[in-house]
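Order of writing sets the chain letters: A, B, C and D. Residues in each chain are counted from 1.
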Amino acid sequence: MDRALSPLISPDMAQVFSPEAHVRGMLAFEAALARAEAQAGIIPRDAADAIGAACRVELFDVPAIFAEGARAGAPTIPFVRELTARIEGDAARYVHWGATSQDAIDTAFMLQARDGLELLTARLLEIAGACAQLAEAHRDTPMAGRTLQQQALPITFGLKAARWLALVTRQIVRLDALRPTLCVQFGGAVGTHASLGDRGLAAMEMIAADLGLAVPELPWHTERDRIAELAAALGVVAGAMGKLAGDALLLAQTEVGEASEGVEPGRGGSSTMPHKQNPVDATFARAASRLALGELPLIFNAMDHEHERAAGPWQVEWEALPRIFLHTAGAVERVLRLASGLVVDAERMRANLEITGGLVLAESLSMTLAARIGRPAAYALVKDACVRVRETGQSLEAVALADPQITAALDASSIHRALDPANYLGTSAEQVDRALAGYQALLATREG
Amino acid sequence: MDRALSPLISPDMAQVFSPEAHVRGMLAFEAALARAEAQAGIIPRDAADAIGAACRVELFDVPAIFAEGARAGAPTIPFVRELTARIEGDAARYVHWGATSQDAIDTAFMLQARDGLELLTARLLEIAGACAQLAEAHRDTPMAGRTLQQQALPITFGLKAARWLALVTRQIVRLDALRPTLCVQFGGAVGTHASLGDRGLAAMEMIAADLGLAVPELPWHTERDRIAELAAALGVVAGAMGKLAGDALLLAQTEVGEASEGVEPGRGGSSTMPHKQNPVDATFARAASRLALGELPLIFNAMDHEHERAAGPWQVEWEALPRIFLHTAGAVERVLRLASGLVVDAERMRANLEITGGLVLAESLSMTLAARIGRPAAYALVKDACVRVRETGQSLEAVALADPQITAALDASSIHRALDPANYLGTSAEQVDRALAGYQALLATREG
Amino acid sequence: MDRALSPLISPDMAQVFSPEAHVRGMLAFEAALARAEAQAGIIPRDAADAIGAACRVELFDVPAIFAEGARAGAPTIPFVRELTARIEGDAARYVHWGATSQDAIDTAFMLQARDGLELLTARLLEIAGACAQLAEAHRDTPMAGRTLQQQALPITFGLKAARWLALVTRQIVRLDALRPTLCVQFGGAVGTHASLGDRGLAAMEMIAADLGLAVPELPWHTERDRIAELAAALGVVAGAMGKLAGDALLLAQTEVGEASEGVEPGRGGSSTMPHKQNPVDATFARAASRLALGELPLIFNAMDHEHERAAGPWQVEWEALPRIFLHTAGAVERVLRLASGLVVDAERMRANLEITGGLVLAESLSMTLAARIGRPAAYALVKDACVRVRETGQSLEAVALADPQITAALDASSIHRALDPANYLGTSAEQVDRALAGYQALLATREG
Amino acid sequence: MDRALSPLISPDMAQVFSPEAHVRGMLAFEAALARAEAQAGIIPRDAADAIGAACRVELFDVPAIFAEGARAGAPTIPFVRELTARIEGDAARYVHWGATSQDAIDTAFMLQARDGLELLTARLLEIAGACAQLAEAHRDTPMAGRTLQQQALPITFGLKAARWLALVTRQIVRLDALRPTLCVQFGGAVGTHASLGDRGLAAMEMIAADLGLAVPELPWHTERDRIAELAAALGVVAGAMGKLAGDALLLAQTEVGEASEGVEPGRGGSSTMPHKQNPVDATFARAASRLALGELPLIFNAMDHEHERAAGPWQVEWEALPRIFLHTAGAVERVLRLASGLVVDAERMRANLEITGGLVLAESLSMTLAARIGRPAAYALVKDACVRVRETGQSLEAVALADPQITAALDASSIHRALDPANYLGTSAEQVDRALAGYQALLATREG
């Protein structure tokens, strides 16, 4: 699907990675390059001014640049020519002085990545806020904890939301930590700044400062660890979104029905089934998450840049790097809608906890017994009781009360207490508080 | 990069997988569905006619359909509504009768896939033609065969081109064999044709016949082996293109210089280095090949469609399936330009064969000796001679002539003959003929 | 995990891809090579006999061969030396005559692949048998069809099993079709059979015939489309297993409970929760399926073999090709256990069909109404009724009977009929019959 | 290939990820758990002592544990039973108290990961040392810089080594930064520490402190961002190794011959070609790098752990996480051998710089001219001169001296100076110094 039309891509991120934005980034590089070179005495100040004045994306026919670039080998070939053509007199001589195509393109991508990360972070903060609300509101709402798709023990929905919150909080921290990775590219044809004499590294630093990017220790045309690191961080975000969306889908199943996307006109319907309320956002979030992860191996495999400039691996990044932003943001936006509008059914949660006739509290009974008769013996007794529950359809409480070995160790009220979910939630509430505290600390750090 | 602007995407294939083409495909499905249902007596003939008349893509606001589809969960929701709105009177009742979103979307993709395969096959035939010309023209042009990037033994350039030819020929056969995979989708909401009474499977067959698609034994909404098989075949094509492009890049290296892309104004230049003639097509072919292969795991991993309709995996295909066509075709088009315009330097091939001082024919000498003194002894003697070649810089012929153990078994002229590349080409020419014959046979089959 | 100890690997397949089996395959190649060369008059018949006699895996220290191979660059270096050392007299001269390492290794893998495919096919036939039984036994057992994890319309469990059956049947056909892909490798150092004079292609054909492998048109050392095609077919099988396992997991959920793995001592327990019966086989099948699919991109990406022998891509296959067999077979074996032992709860299926208060039959009501008042009006009316069902908790039947617009078009008994699952199963039974017929046809073909 | 026999796996890392090591890790967890619970007053001190005493891997039949685990669903089922069986009296009651299988397994993997990272870091430091030596020794050795496989401009070999050094230095820093990621897992069946009352989080912290692992804010059974982050860091290392190996392969090509792996008996030979010295370590490094990267998508895709314990995704990690360590270490060890033994041919570097007749310094001439007549005019003049060099075979110097437009701006000695590689190395030496300084700083930090 074309970007603007795909449900699996964030429209806002599509702006950040539009062809126009890429050309804007290259222009920012060229202007900063000229300023740096003027400052370093390599080119005249006037030339830098003239170049800077021409570095406005409105002056360029962006599609034409890319169309010609597809023939030429890189969009910078027509781009530099067109930029040069827009500058009068001597100043034109100094356009792109000492730079190479990859300097402009890599730096433009880094500027776009910075914008992209800002957008992602803002949205993740909103998701965290929504999860924090859910965690607080449902701090003590019991529900079934499920392992291997089977009801296992009770948890609270607040705990589930708190884990989502902690997961999202960590992602924001992770993205914030990427700033030093976003660094300028500048080295000229083979990374030696050969045409700048001995002022190459100084110029590199000035361009970085001008653009607000980090300074790499060396030009990095064919050492792509930073790109891989950036992509991996996005991949972790995308994977986290997939986890949230997957949980939401499972909670929304007809037979579970514990949480659902809000009903909204024109959304989630079926073209034939009048009753259907499909989980649209979770579905698209899951798909977008996978699509984002699909870019990851492309970028990692493309670390095999050869010698001083790669023939193929670099060009792979031109597609894969934008796409991992687009789809990650697509997943993030869907999860944001999902988390913000989640309709939680606490009654259904409680009802589902009861459908196993108490089996979901077998461990509680087993541990209570274990305190009296030891873990192995208790486990064996309760396991037998569970078999009887399955065979007879009776509740675990009834079976336990009828088991002389169990009643020898525990009285009826102990058994009853052991089988009440509210008494076997462990650190659920404490964990909610921890996750909320972590989130508040993040907010404080970012505001501070 | 947006599709139209990316150097890694075929513009023609971008037409086949445009949003308009997808809507056109869905309209083709709806029209064929109506005709089949009229024929089966499920809906009135007039209704089918009216529906068919409205199934023209020009009548629809394609971007609006996808924009709304991103909210609704699928483009079919607005699509069916808009189609219905374009039909007057009673006939409108019968639009999309008994079908589900996935019926229309899957069938549309299958129609697009058919067009896409046709396009790919046509281009691959052209590549095969170009390779056949190279194989014929250079049937007897000796060059170094290289293993693990080291010169090993002589081959002919004709043989290399013949292997490319055989590889491409096999791909055409492979794509031709995909026809039964391109089948209609029709089952209704859960694949039971419930609203068609007992005429569901008959209608499925009629739609397939109408559209020229194959008939599946059952509806296949969540059994995606066919999609995976289709993607795999494209992946093999893409991988084959990567192999060809990689060979071309290595041949074009400055230090090898045996073949290069033709020089053309405005192509392959560098923004700073006046002498550069970059291998543009090979570079983009390699990148496009990798991008195509990057879609493969997405599609295979998305075979985990759950129950009767997937929440996520199916939507992954909406992006990944078009993209594997787009990038495979991108690679194919670049390889076509490459193979058609390849400038072969037979002199350089011959010169490179000589730079090892005859080492590249060490096996020839060893095998000639082996006929006299056995393989192990001969191997050991010649291995020693090779060490001396490396140490002294002398030619292998000189070293061999100075080695009494070698000259005890072989006279000077035998040694000289053994070290002439033309005498150690084995079945090179015969293989060229085989590959050409295989190609001719394919052409004959396709024309016949 | 080491192969023998991993729950995600088939132990039988681990035998097929053991180091011993690989050496056995290389020995089979060397023996067949010697026989072919004797037949072609290249080496003495006695030598071929002596070589053949030494080609017994018991004579070799297999771990030592691989250990030295890790230093030497390929196991064939020590392997050929050790084989030569086991042959007395002149015959030793003729070991590995005219062959290269890759000839022996690729051919050995092809022999192993043949054994591996046989094993897989046998197990898939057993799975098909189990699915056929399920399909037959539950031809008319209604259950909820689920799309996007929501109950949509009724199907039968027989239909679900029939779709599994058709999917598995197609895989067997697909694997059977791979036979021509399993071909001998023989070309010598650069694929020219240089040391065999003009008898190279003839020898290649003889070796293939001897080993029962197909004859390639040319040696294929660096054209790896066949390997990719083989891997893709395995990947499709693995993906199919993932689909089945995923469905089984969802059916076994506590809240769904429609089918489960049989209870067996020491299986599926939890280390702490006495009541747990975890879905062991489905879990491992899903994991093994993903692991198999993880090898696919490695193999496809490794199609970039350069020139006449690859430095890296080929060696990737040494790990990835066995692993895709091991994990695919791991998934297949788990699904076999799963399908053979599946405990189906038809009552629970029926009960689950009722939990929506009839919403799952909304389409049925809508289509019935549509026959009277047209699809759009009917859809709108029933959609409103569904909203009321959700708001009031009443059944759809009750709501419909209370809706004057609906009762104006349909009488009470029509409404009742429309809301009985048994009346809205469409072609479910017919599809079961089709899938069974397809399976029977496959059995007939294979036996015939 | 079995781990111990594969050339693509580090034998030392195979020890770290052996089944024994995994059981040892689980035992370390159980012992630390018991100590923590004793300290927290949950179980008796004596019990903790008895449990601790039994936690010795020699006491266990490791293969039997995994064999049974393959049936049971996890190795912890037999493991806990066997551990319990080794403890006499009451203490046996307290084994594994309040823990779940995943607590033991995840924590064991984290301990193994810690050992694995230590091993990797030690080897990377050695690689960095070797690169530092190369960078220093060849600080001023000119060679051709190559972009898109074409000679572009001169660099020094010291610069190339310095870029490798900086790349490897960054990886060490990156792995060092992973320490907070290596954290304990402890939460019990659904992550609530239900059977520990309110002391669950305290116990979690004590276990972490005991084992020297980090404390997570919450148990993280189904939030796998840390695992993905760990895998990504390994992937970046693997990718970096692939880059180095790829450069080495290209430098070792017969036609380039600028650097090669040292000759060593029994290594790099061909089974048929006596002269071959194959690049064994680079080849295996490249293959191992790709294999490591192949695990990355498995791990990222497996972030879709559902609810409180995953059925499938988690089990994928059991294979994929060890393998990414094994193959990354395999690549690292090969690159270490490669970098330590690299034989550099400075003469050949100089000779290769001359094969273009000076074209490789076209930019230098262009920039020198540009200072007089502006960049666009200079570029055009020199581009024409380059065409003449290609057409006539004359050197660029000769062509430039014969061009009146060029000689109007530059005298002969300026032209000569512009065409001397030593005068156009830019910041090469300065960059070498920077990379060395960065490496020294890292060493100082780590020692300090």
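Going forward, a contact is a pair of C-beta atoms (placed from the backbone, for glycine too) under 8 Å apart; a residue touches a chain by one contact, two chains touch by 3 or more.
Because the structure is predicted, anything quoted here is derived from the model rather than measured.
Looking at which of B-D and A-D shares more C-beta pairs in contact, the answer is the pair A-D. The centroid of the Cα atoms in subunit B and the matching centroid in subunit D are 32 Å apart. Subunit A and subunit D have CA centres that are 24 Å apart. Residues of subunit D in contact with two or more other chains: 96, 98, 146-149, 152-153, 188-189, 195, 249-250, 269-270, 272-273, 278-279, 283, 286, 290, 294, 297, 301, 311, 363.
If you sketch which chains touch which, every chain touches every other chain without exception.
Interface of subunit B with subunit A (complex): residues 1-8, 18-19, 63, 66-74, 76-77, 80, 96, 98-101, 188-189, 195, 245, 249, 266-273, 278-280, 282-287, 290-291, 294-295, 297-298, 301-302, 311-316, 318-320, 322. Against subunit C, in their complex, subunit A makes its touches with residues 144, 146-153, 249-250, 252-256, 269-270, 272-279, 283, 297, 301, 352, 355-356, 359-360, 362-363, 366, 379, 382-383, 385-386, 389, 396. Chain contact summary for the complex, subunit A toward subunit D: residues 84, 90, 92-98, 145-149, 152-155, 159-160, 162-163, 166-167, 170-171, 174, 188-198, 200-201, 217-220, 222-225, 228-229, 232-233, 235-236, 239-240, 242-243, 246-247, 250, 286, 289-290, 293-294, 296-297, 300-301, 303-311, 363-364, 367, 370, 373-377, 424-428, 430-431, 434-435, 438.
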